[in-house]
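Next come two complexes, and both contain subunit A; in the first it sits with subunit B, in the second with subunit C.
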Partner chain A sequence: MVNVKIDGVDVQVEPNSTILEAAEKAGVHIPILCHDKVLKPFGACRVCLVEVKNNPKLMTACTTPVMDNMEITTKNDKLAKIRKTLIELLLINHPLDCPVCDKGGECTLQDLTYEFGVSQVRFDPKPNDTPVDHTNPFIERDIDRCVLCGRCVRICDEVVNIQAISFQNRGTDTIIGTSFNQPWNCEFCGQCMSVCPVGSLNNRVYLFKNRPWNLQKTESICGLCSCGCSILIDSEDNEVFRIKEDYDLGVNKGLLCVKGRFGFELINNVKREKNSKIKVGEEFKNISIEDAISTASKKLAEIKSKYGSDSIGVVVSSRLTNEEAFLARKLAKDVIGTPYIFSSETDDAMPEGTYADIENADDITVLNIDVTESNPVLGFFIRMTARKNEGGLRVFYPKMTALKRVASEFYTGKPSELLGLINDFADAVEGKSNRCSEAASKLLAANSPVLVFNPYSKADLAVVSRIKKAQPKVKLIPCKLKNNSQGIVDMGCATGADLVDGLGRDKIKALVVLGENIAVNPGYVNLVGVLSKLEFILSTDPYFTETSAISDLYIPVATFAEKSGTFTNFEGRVQTVNPAIDKGLISDFDLLVSLINSLGGKAPDSVDAAQELIRKEISNYSGVDFNGGVVEYPYAVKDVNARYEIVGSGSYELYRCSLRFHSGTFTTWSPDLTKVYKEATIEINPEDAADLNLKDGDLVTVKAGETMKKFYVEIEKYNPRGVVSIPMNYKGTEAILAKGEYQRVELIKHA
Partner chain B sequence: MEDVVEKEAIDLTMIDEVCAEYKGRKGATIPVLQKVQEHYGYLSSDMIDRIGENLNISSHTLYGVLTFYAQFYTTPRGKYVIRVCRGTACHVKGSGRISEVVKEEFGISNGETTSDIKFTLEEVSCIGACGMAPVIMINDKTYGNLTPEQARSIFKEYAQKQD
Partner chain C sequence: MRNIIDTLFFTEILQGLGITFKHLFKKPVTLKYPFEKPIIFDRFRGIHYIKTDEKGNPKCVGCYLCQKVCPAECISIETDAGPNGERLIRKFEIALDRCIYCGFCEEACPKDAIHMGRRFDTVDSNRSKYQVNMGYLVKNYKKGE
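== the complex of A and B ==
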């Protein structure tokens, strides 16, 4: 430890700490502008200059390491004068348009101006007058307000590892921008915006809608994928105005993705249904929520007494909270008495690895999933670790993904070749093959390896279980799809019961569909005809979906921003969701309580009471802290026997890809996310496109067996030749994608 | 905005060869940019993207580097680069008039290139030949003690060169 004295306060700090860190420990405030604790020290702005005894020069506190017995002064007249002048100089070019700047009230430059007592500018102001850049739907860029602290450039480089922006030109001409001033075209994670100390990078979804001091902050968990990111929901008058990060909070350490940060308008969307609806003939009629609940319970009781308790099925969405899923199972098992609980989740793979395991990993394998798209924040952690380790990242995926820049081994290719290679790799890990042996021996020699995979692919699971057996040290990370994909498995809703099978046997007469859009889910695609034969379908969803349209009774329910409960993320971490707003809609929880009680059961009367019951009945949840505790699971992956299979015939190989901007049907309700990606497109290699005379945005028909479906073309230079891809879980893709994970298709160009 | 004139496709395969030579080496960026520019005369967006793909570096980072250095150009350079010295001695001896003559003859200002990509005007700070001020350089050749009219006839001579 090193002893230093800061403004007369003695403090002991680790060697190699900076003066700034020592000052924080001593409780001494040093102003900063370009520094950010998530970034490496930079020392660009000079606002943190301090005096060090016996040192003739002033030192920047953010970059200078402490030495033993250093005596530091952070406040005196000389420093005050210098700091004040620095701000005055910045204000020559920085326009004083604070009244119309969205950053007003939370602007570091504004705060420093006030702190240093700058009340007039001695220099002639020369604000630039460059047009504001509106070329992307998420981040508004006003380069005139930029103070060139470089936080955005550095976070995009050091943390996000994409380097989508850089410093350009030199001296007084320096600006932050892109290559040849192209429009910003990146992942739009918005990390750059979150660290901007001035109003140069602004949230366009929030722009000019409110002022920060009006907003109420609610700490919660994002409900748009299984990463389990902590978010701050900024709201006023039951409207969500923005989603903010907190770099001290949560497993995500403040990092957010485009969905989590900019997709929130789906909560406010005016298209959200406010009324329950009942089908009368071919039309839907509005009814009160009380009438809807009593109709539902009457109908269910009637069908149960007429056809028996196993004539009712309950479909549970992976978006429900643990408490809701628990009640859904209670309703099905204990109250109705049916074995038919359906969900699109399986218990084949359980959480094992955590974010900390990723950070400490010395070898990461990403198997056949584009994690940067499916679970973007997990992708950040993988990229950061690979960057730190300068390698040790092995990726198998048909095309290059955003892991490309940091991956040390990237295996791409046609599925027909790549899948063989993956098998070779598994063989080599098991010691049965010499092919891929270099990669395999690295994995076998690693001390803390991690394997990231897609738990929904049986063939991938088979490979994962082989690797896990051969290298037990490997920590498995299943990239679950939705915010509570794991939780509903834990609550007993992944029974393995197959909806298609259950309905096919004509036993089921009624379905309670809780938040799942079964009409567009590739797993359920052949159901629509069967569903119309059912006597009664109750559907709940924040939106009136394709499934709602074929149901007999629809009840609009709360989103994750409007309810309490817990979600379990892909690590098996249980985290608390807090309501930020109230749209006057019932939650699935309250609906289930009413249904259970009116059907003769006894439901817990609050979320807290439900949690007590969960602790009693779900054994691995009994001792877990519901606010960040990690559940322990008896196994990580089941023995799965499955082989890769490419079905169908045709000249192109088709695989399912993930989509960063959307996690399925729910996020398509965000008007902002749909600005960048509206409909599912087919990605095709430029040379293949040229052969077929196709351009970006052309329509092409995909023919898989007898099924034909039109898609818009998107040229993707990283897709190998002869390979095309379509995003999963997207409206309109189900008929094609239901045929198989990998398939051969024909492409037919439209005249 | 759509390009009205379709640009002639430039064969960029030379970039792959240059990058292959430097791949995996640290500090490759500047030598690669120099070699590519030496070959094509400038660095275009497509070239930068291609270099980025090859070296696994973001094109935005590369662009940041190339705009930092005066030695890199992002637009095609003329066959003849006219460097007009604007140092103190040349300035006093009327080098401003010589820049004007270039403008009169070719219609280009500092940093610009004629549309036939024959001439580029570059005003430089000092080329170290103050004794012969005002002085210009056309590619590697130096012309000193110029009057505007002498300069004009030199430019005309170059303009008539055919090859």
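== the complex of A and C ==
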């Protein structure tokens, strides 16, 4: 520890920390413009200049490390004059269009101008006037307003590792631009936009829609994937205007992905149903919510008394909150008394590693999942760590993913070859000597290794359990799919009961489908015919989905922005969701409470009461803080015996890929995300495409056994030859993907 | 005695009538309002108008500053991005019946768009007519009010 004196305040800080960090600890405010906590010190703007005793020159607080007995002055007339001049110099080229600038009201440059009392610029203003760049579908780029702090360039490089933008030219001609002035080649994560201190990079979804001072901020948790990112929902009059990050809040350090940041319009979607609907004959008729609930409970009671309690099944979506999932289980087990409670989740793998484990890892293995697409924020942490460690990242995946820039070992290839390689790797970790021995020895020698994998693939799980046994130090991180994939498992909704089995046995006569879209889930797609024979299906969903269309009663419910409860992310961290808006719809919680009460049970009357019950009844949740606490699990991975299998015949090998724009069917309701990715596309190697005479956007028929399906072509140079991929859980792909995880298919060019 | 005379000859009434008679020949103080227009002083704050640029488009850019400063909360604005990424004003409405004519909006406007006009006759038969929009405010400017 070193002693530092800042503006007369004595403070003890770690050696090698900067003056800025010391000042923060001392409670002294130093103005900053180009500095960002997530990024390395840069020292471009010189706004943070401070005076150090016995030092003839001024020092930048953000880059200068402290020394013992340093005496620092942060405020005096000389510094004030210099800072004021700096801002005046920036304002020469900065257009004063604050009234039309979206940043107005939360602009760092505006704030600094006020802070330093700049009311007039002594120099002749020469505002730039170049056209605004709209080539990026989510980010507006106005280089005139840029102050060249370099935050966007650095976050794109250091955190996202995409290097989509950089400085161009030198001196006064410097601008931020893309290489060769091409359209943005990036992941649209919007990290650059979130750190921009001025209005140079703006959110196009929110563009000009409102002003920051009108917006009400609600801290909540993103409800789109299992990363569990803390978000701020900015809303006015029950409309969500934007979703922002908070750098001091939650586990994600202010990082968000494209769907979390730009996909929020799905909450405001005008196509969302406001009325409950009942099927009369072939048509749907609107009914009031009270009537809908009483009809549902009457029907369920009727079927229960007619066919017995195990004639009713409950399907639980992994988008429900813990409290709702808990009540769903209560409804099924205690009130109806059925053993049939279904979900598409698995309890084979439980959370073990956390974000902190990734940051401290010295060896990361990403096993057969494109984590940058399925769980983008987890992907950022892996990239940051791998970059910091300069290596120690090993990836197995059929194609090169965005991790290629930081990975030290990247194993790609046809699934038929790659899967053998993965098996060899597991063998090598267990001690055999083969082509993967070198990689395995690195994993075995590591002090804090991390293994990231896909918990939904049985064959992957078998490999993971072998590696875990051979190297117990490895922390496992299962890339769960949806916001509460883990929570509904904990609440007892993943009993291993198989919906396909349950329905096949002709026992089930009625289904309560809570938010799950059965009709487009590859695991369930063959059931659609069986479903139509059921006597009663109750479906709840924020949107009128394919499943709602085959149900008898549909009740529209709230999305994550409209309800309170908790989500458990892939780390096993329980975090509180707060309602930001009210669209006048009930939540699944309210519905379940009414159903339980009217069917003769006793439901807790509030979310808090439900949480009390969870603490009592779910043993590993009893001592957990519901606002950020991590749940302890008895095991990380079950012993699974499964082998990789490639089904079907054909000349192309097909695997399931993930998409960062859409995790399934939910985000397709966002008009902005569908603008970029609407129909499921098939990714194909350029040489294969040339063989088949295909271009980007052509239609191609995929033939898997007897099933044929048309897809649009997307040429992907990183896909190996002879390998194609289609996104999983996406509308239109279920019929093909239901056949198996890896399959051989034929491609037929469409005339 | 004097009381009796006053009562008998109605002197006080005559005195009063005298004053009335005197005023008959003076210049009238009141205005016959709908037929005669009053003098409006320079710094009078009446119904708003919005200035236009050389092309005839309203100068207003929809920055929400007038809405923010308005103590009566009578201004409602909705903006959006246009097809070419330009700033569009979807709605700009002032509730004239809620407005207290304080002139803060005029002071807050960074674009010299909204101004307080000289017109004061807000009387109307229907409350909905008090909700005036951008078209009305621009027309006010073009009429020179």
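The rule is short, and it goes like this: the second predicted complex is superposed on the first by the 750 of 751 C-alpha atoms of A that agree within 3 Å, B and C clash if a C-alpha of one lies under 4 Å from a C-alpha of the other, contacts with A are read in each partner's own complex, and residues count from 1 in each chain.
Heads up, the rule we're going with is that a contact is a pair of C-beta atoms (placed from the backbone, for glycine too) under 8 Å apart; a residue touches a chain by one contact, two chains touch by 3 or more.
Computed from a prediction, not measured in an experiment: that's the story for all the values here.
Chemist: Are subunit B and subunit C a fit on subunit A, or do they clash, once the structures share the same frame?
Modeler: fit
Chemist: State whether A:208 touches subunit B only (first), subunit C only (second), both chains, or neither.
Modeler: So A:208 only meets subunit C here.
Chemist: For A:165, is the partner it touches subunit B (first), subunit C (second), both, or none of the two (neither)?
Modeler: A:165 sits against subunit B, while subunit C stays out of touch.
Chemist: After superposition on the shared chain, which partner residues are touched by A:132: those of subunit B (first), subunit C (second), both, or neither?
Modeler: second
Chemist: Based on the superposed arrangement, let me know which partner A:659 touches: subunit B (first), subunit C (second), both, or neither?
Modeler: So A:659 meets neither subunit B nor subunit C here.
Chemist: Is A:443 in contact with subunit B, with subunit C, with both, or with neither (first, second, both, neither)?
Modeler: Neither: A:443 stays clear of subunit B and subunit C.
Chemist: A:405 contacts which: subunit B (first), subunit C (second), both, neither?
Modeler: first
Chemist: Can A:104 be said to touch subunit B (first), subunit C (second), both, or neither?
Modeler: In the superposition, A:104 contacts subunit C only.
Chemist: Aligned on chain A, what is the least Cα gap between subunit B and subunit C? Give it in whole Å.
Modeler: In this superposition, no C-alpha atom of subunit B lies closer than 17 Å to one of subunit C.
Chemist: Residue by residue on subunit A, keep only those touching subunit B in one complex and subunit C in the other, then list them.
Modeler: No residue of subunit A touches both subunit B and subunit C.
Chemist: What residues of subunit A sit close enough to touch subunit C in their complex?
Modeler: Listed in rising order, the residues of subunit A that touch subunit C are 98-100, 104, 132, 134, 140, 204, 207-211, 213-214.
Chemist: Mind pulling up the subunit C residues that touch subunit A in the complex?
Modeler: For subunit C paired with subunit A, touching residues are 61-65, 68, 79-81, 84-85, 87-88, 110-111.
Chemist: Tell me, which parts of subunit A touch subunit B in their complex?
Modeler: 157, 162-170, 177-180, 182, 404-405
Chemist: Applying the document's contact rule, which stretches of subunit B touch subunit A when the two form their complex?
Modeler: On the subunit B side, the touching residues are 45, 48-49, 56-64, 67-68, 74.
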